[in-house]
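After this come two complexes, each holding subunit A, first together with subunit B and then together with subunit C.
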Partner chain A sequence: MLTVLVTGLAVGALYAAAALAYNVMYSTSKVLSLTTGHIFMLSGVFGAFFIGELGLPMPVGFVGAIAIGTLFGVVTEFVAIRRVLARSDEHLWLLSTLAVATIVQQSVGLWWGTEPKPFPRLIPQDFSAGIWDQKYWLPIATIAVLVVGLELFQRRTLLGKIFLAVSEDAFAARARGVSVNRVRALSYALAGILGAVAGFAAGQLTFAYFALGLTLTLNGFIALAVGGLGSNLGAVVGGLALGLLTASATYFFGGEYQQTIAVGLLMLLLLVKPEGLFGAKRTRHV
Partner chain B sequence: MNLRNPRLPLLVAGAVAAVTLPFWAGDVYRVHLATLIAAYWILVSGLNLVVGFTGLLSVGHVGLLAIGAYAFAILAGTHEINPFVSLVIAGGVGGVCGFLLGLPSLRLPGFYFAMATLAFALIVTEVTLAQQELTGGGAGIAVPGFGGPFESPDGFYWLVAGIAVLFTVFTWNVSRRMWGRAMIALRDSDVAAASVGVPVYKVKLTTFTFSGVAAGVGGALFGALQSYITPETFVFELGMFFFICIVIGGRGVILGPFVGTIVLTALPEFVAPLANLGQFFYGALLLIVVLLVPEGIGHVFTWLRERRSPRTTDKQVVTPDLERLAAAIRAGREA
Partner chain C sequence: MQQIVGIAVKRRRTLLAGVVLAGTMAFAPTLFAADTSPIKVGWISSLTGPLSSAALAENQGVKFAIDEINKAGGINGRPLELLTRDTGGDPTKAVNFANQLVHSDKVAFIIGPVNSGESLATIPIVAKAGVPNIVIAAVDELTNPVKYPRAFRVINTSEQWIRTANHYALDVLKHRKVAIIGDTTGYGTDSAKKAAKLLEAAGAKPVYSVLVDPNKTSLSDEMEKARAAGADVVMPWSAATGLLARILNTRGDMQWDVPVVGHPSLMALPIRNLLNKPTYWENTYSAGYVSTTYGADGKLPERTQKLMDAIRPSLGGKIEFTFWWVALGYDAVKVIEHAVKKAGSTDPKAIQAALESTRDLKGVYGDYGWGPQDRNGFPDAGMVVNKANTFKEGSFERAPQ
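Let's look at the complex of A and B:
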């Protein structure tokens, strides 16, 4: 039972991180990018590649994985967001991010293989630790640090305040001399860093697996929709709740209906409270 | 149909080529491929009303395809019901599932709806894996053919192509009359559509249910063509493939997605390097189309035609009669 709780928390923390990455990108661009989960996947795969296959030391592999994640974030913004946002057509970004996500997932599948491969041990520890194994506490601790760090960044630093300003009203921010395009690119880089750190820390839990991206894109979104779009607190609560729920569902009913239960929960909540638990109510423009 | 339509000879030539295809294809595999395209097209024709006309971004229609195929396999295979009756029931089951999926998810805004359909596709895979007694689980299930004259590849091709023509005519009729106008109106602005009396939710739900029927029928024929299906047959990427066929072909037209389906299905079969790239190729193509011609490849042809023979418009140059104007102003001042 305790194992269920710990697994749920670890997986939930990962979902929460995915929801946070969604939020960071959404705040400046008002785009829900389908590439969110793929940041985590890339970081996991490249972490395993750098450390496991190339035999690089752990810190180098860590920095390498972060570099890949950041690069991916910026490239996404440049290729799939910037040009598309210039057009007025709604939802075109959905297609462009879907295309980038497919390209990345399939290239990794072709290059890395479609089987999950093990992620190297990051800290020397033998495998008898049970629930105190690093594959559980490492992602939980890392993501807790990330959440606090993100909160401090957005509330205490000038750059974070500029992010918030762009998120509140991009036109007003531009009128005050903020380069909205640059801030948007930076926010995608930030989401890339966030996703890469979390994906690297959770590598031992998820394995280096090319299809992880799609799962995280979906579950991170569910966590976000449950918690409320745009709310970081909601993202964390939603992610942890979803992780605990799927873990206990697996424990009580077997692993077959994980996704069904998660989506059922989402549908139920959206019917009762469409803006999510902590989301701001949106008014429709006519 | 207007007999003086300049496209008529092309249409007739296409129809003759499609009917006589088994005679000139020269290869059983090519007939198989043509049957596959026809089965895909049945689904895509329904999905086209959803994506291209109504503007709902459903990426998870592969789930409905799987439901149709499994319904047909269970009815015609396990319970040995007449295949044609099973086909109709499979379409019905697809429609009911589409209805049930649409009931909650069509109330959601765009991205939420896309995610709901994505989740639906994953759920169907999960359920087919879990329900071992019904679907054979991961090992899969055999799908019977239609028997009689439709057992041969050629006969089956004509059957599937005939059903595909039925669906095409249906969607074509829907799209150019009141229903189609309502769909396009609510795609472009649902608020404006609602304000002129289009029942937005009802139109969406009806369209989506119909696409479920099309997916069910398409799935049943697809299953019969494959003759053995596993959950692996209906990967999420297949759903994206249907979606990409429509986006690449162009929104709000029927011919574009049709050509898109043919090209995207046939191209990897004839160009071997593309087959290795698989989904990568579709993703890259989607990105190119979205960035360069968001209206779809069909739009390029329209544009080229406009350039070659620009539509002549009567220019009516209005030149102001300056003297009269000046006189009028002067008269006004003096008064």
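Let's look at the complex of A and C:
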């Protein structure tokens, strides 16, 4: 039962990271980018490629994976968001981000292959450590650091405060001389960094697998919806809850009911509390 | 006057008969010449996408057989024209391509699709068009002499894999406390249920049975539960190499020395790289084929070796994937060659009759035979159990007996 808890927490931490990445991008663009999970996938695949196949040292591979994640974030903003938001108020971003996600996944599948490949061991440790194996605690610890780091960034730095200002009211921020486009691009880069660090830390858990992106895009979104759109605390709680629920559902009822039970319970929660656990209640002025 | 008219009519009739005769003579070479038009073969494959590994290898065998037949002058003087369609593993695309091939391209045969999910979608379409279909997917429901009379399977059925593995676990290893781990895909669920049913019929009801998501990141709980249930053999039914590797890693990490016996993907090469330690692949056995199993003398069956030697240059000199996929693709085309030669034409009815009366057709992957009520051509005698960690040139050693 302890392993259920640990694996649930590790997977949940990954979902929480995906939900955080959603939040960061959403805050400046009001877009739920369907490329979110693919940042993690790219980091895992390129981390494995740099270290496992090119034989580069781990720190170099780590920096390389982050660079890829950041670049992907910026490219997503430039290709799928900027022009769409400039020309239309409709939800065309759904299509454009889906297109980018599909192109990236197919390209990685063609280049990297469609079978999962190993992700290198990051810290020397025997494989018999059980629940203390790094594949579990590394993603949990990394994501805890990322959450704290993100909070500090948003609350304590000028750039973070500008992010919040754009998030609160983009027009007002623009009126005060903030380049909203540039801030939005930076937020996508930040989501890229966040996703790449988390994807790299969880590589041993997920393997370097081209189809990982879609799973994280979906589960990250569920975690976000449960926790409450826009709330970092909600993203973390939602992600961990989803991870623990799916692990427990599999343990007690079998894998065939895993998604149904987990998502069913979360739907129930949303029926009772549509704004999510920590989401701001929407009020309509009349 | 009447006589003159009669003569004129006679002359006209003679003239008409002459014209008909001359016309017949003029067109006679065309009417009686042998048909040299190409025989179109539709090949519905998943050369890209998540299920491409098998398809890419099979494609090598298909192309090689087509080239070989065409270089030898075709079948009864008619060359084969291959129309390859890449579904990317998507059943919707497979359906579109099946419709296109049978209705627009008017192919004489369809090979594929590669995957059972796609095949389940295309089989009724091809059957409705009356086009002979060479089936290379394993799910049992794909063949039916009444519903799909012209669908002939060359690959084994999924039940043959299960029976082979069950026999090895129960009768050779003498283990009867079985833990079954299937994945939640249609194939995994179906296979796990079938395996449990067959084991129960053999008096060895599984002590533990579970279905897990193929991308599940940890199998610790399931393996712990299997051990707690007293399992002395673990039988995974999944084609997902990631899941299979995780089962082997968990077994190794928990230092549980229990044999793992199951799906052929257990010996797939990608697993080797996913293991925490190479030793984790030991004591692992999977259903395999006589055609790609080394004999006691260390040699492969003659026909396999011959094809391997012939095709090796086109594979860059190295065989990096399971060779039975290549052999299966090769045989699928050779079965078409056999059917056309035996039928004397590509008439679908004649092809059906020719294949229904085929017995012991020697192939590389196996020897085939079908009957009026039997559409599964691969014999049980063509199956063995292999040691999973003995990959060498796409073939394997036989599991200890």
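Everything below uses one rule, namely that the second predicted complex is superposed on the first by the 281 of 286 C-alpha atoms of A that agree within 3 Å, B and C clash if a C-alpha of one lies under 4 Å from a C-alpha of the other, contacts with A are read in each partner's own complex, and residues count from 1 in each chain.
The rule we apply is simple: a contact is a pair of C-beta atoms (placed from the backbone, for glycine too) under 8 Å apart; a residue touches a chain by one contact, two chains touch by 3 or more.
Everything numeric in this text was worked out from a predicted model, so none of it was measured.
Novice: When the two structures are laid over each other on subunit A, do subunit B and subunit C clash or fit?
Specialist: In the arrangement built by aligning on subunit A, the partners subunit C and subunit B clash.
Novice: Check the residue A:T114 against both partner chains and state whether it touches subunit B (first), subunit C (second), both, or neither.
Specialist: second
Novice: Quick one: is A:F207 in contact with subunit B, with subunit C, with both, or with neither? Answer first, second, both or neither.
Specialist: The second partner, subunit C, only.
Novice: Looking at the overlay, does A:T250 come into contact with subunit B only (first), subunit C only (second), both, or neither?
Specialist: The second partner, subunit C, only.
Novice: Now for A:V148: first (subunit B), second (subunit C), both, or neither, which partner does it touch?
Specialist: So A:V148 meets neither subunit B nor subunit C here.
Novice: Identify the partner contact of A:F127: answer first if only subunit B is touched, second if only subunit C is, both if each is, neither if none is.
Specialist: In the superposition, A:F127 contacts subunit C only.
Novice: Once chain A of both complexes is superposed, is A:T7 in touch with subunit B (first), subunit C (second), both, or neither?
Specialist: second
Novice: If we overlay the two complexes on their shared chain A, which of subunit B and subunit C does A:T260 touch? Say first, second, both or neither.
Specialist: The answer is first: A:T260 touches subunit B but not subunit C.
Novice: Report which listed segment of subunit B has C-alpha atoms clashing with subunit C; options: 112-120, 202-210 or 220-228.
Specialist: Superposition on chain A puts subunit C right on top of 220-228.
Novice: Identify the overlap between the subunit B-contacting and the subunit C-contacting residues of subunit A.
Specialist: In subunit A, residues 106, 110, 256, 258-259 are touched by subunit B and also by subunit C.
Novice: Provide the residue numbers of subunit C that touch subunit A in the complex, in ascending order.
Specialist: Within the complex, subunit C touches subunit A at residues 48-53, 183-184, 189, 210-213, 215-218, 220-221, 224, 241-242, 245, 249, 252-255, 268, 270, 273-274, 276-277.
Novice: Residue numbers of subunit A touching subunit C in their complex, please.
Specialist: Where subunit A meets subunit C, its residues are 3-4, 7, 10-11, 106, 109-110, 113-118, 127-128, 130-131, 133, 136, 205-207, 209-212, 215, 247, 250-251, 254-256, 258-259.
Novice: Given the complex with subunit B, which residues does subunit A contribute to the contact?
Specialist: 32, 79-80, 83-84, 87, 89-92, 94-96, 98-103, 105-107, 110, 214, 218, 221-222, 225, 256-260, 262-263, 266-267, 270-271, 284, 286
Novice: Which residues of subunit B touch subunit A in the complex?
Specialist: Within the complex, subunit B touches subunit A at residues 55, 57, 59, 104-105, 107-108, 110-112, 114-116, 118-120, 122-123, 126-127, 129-130, 191, 236-237, 240, 247, 276-280, 282-284, 286-287, 290-291, 294.
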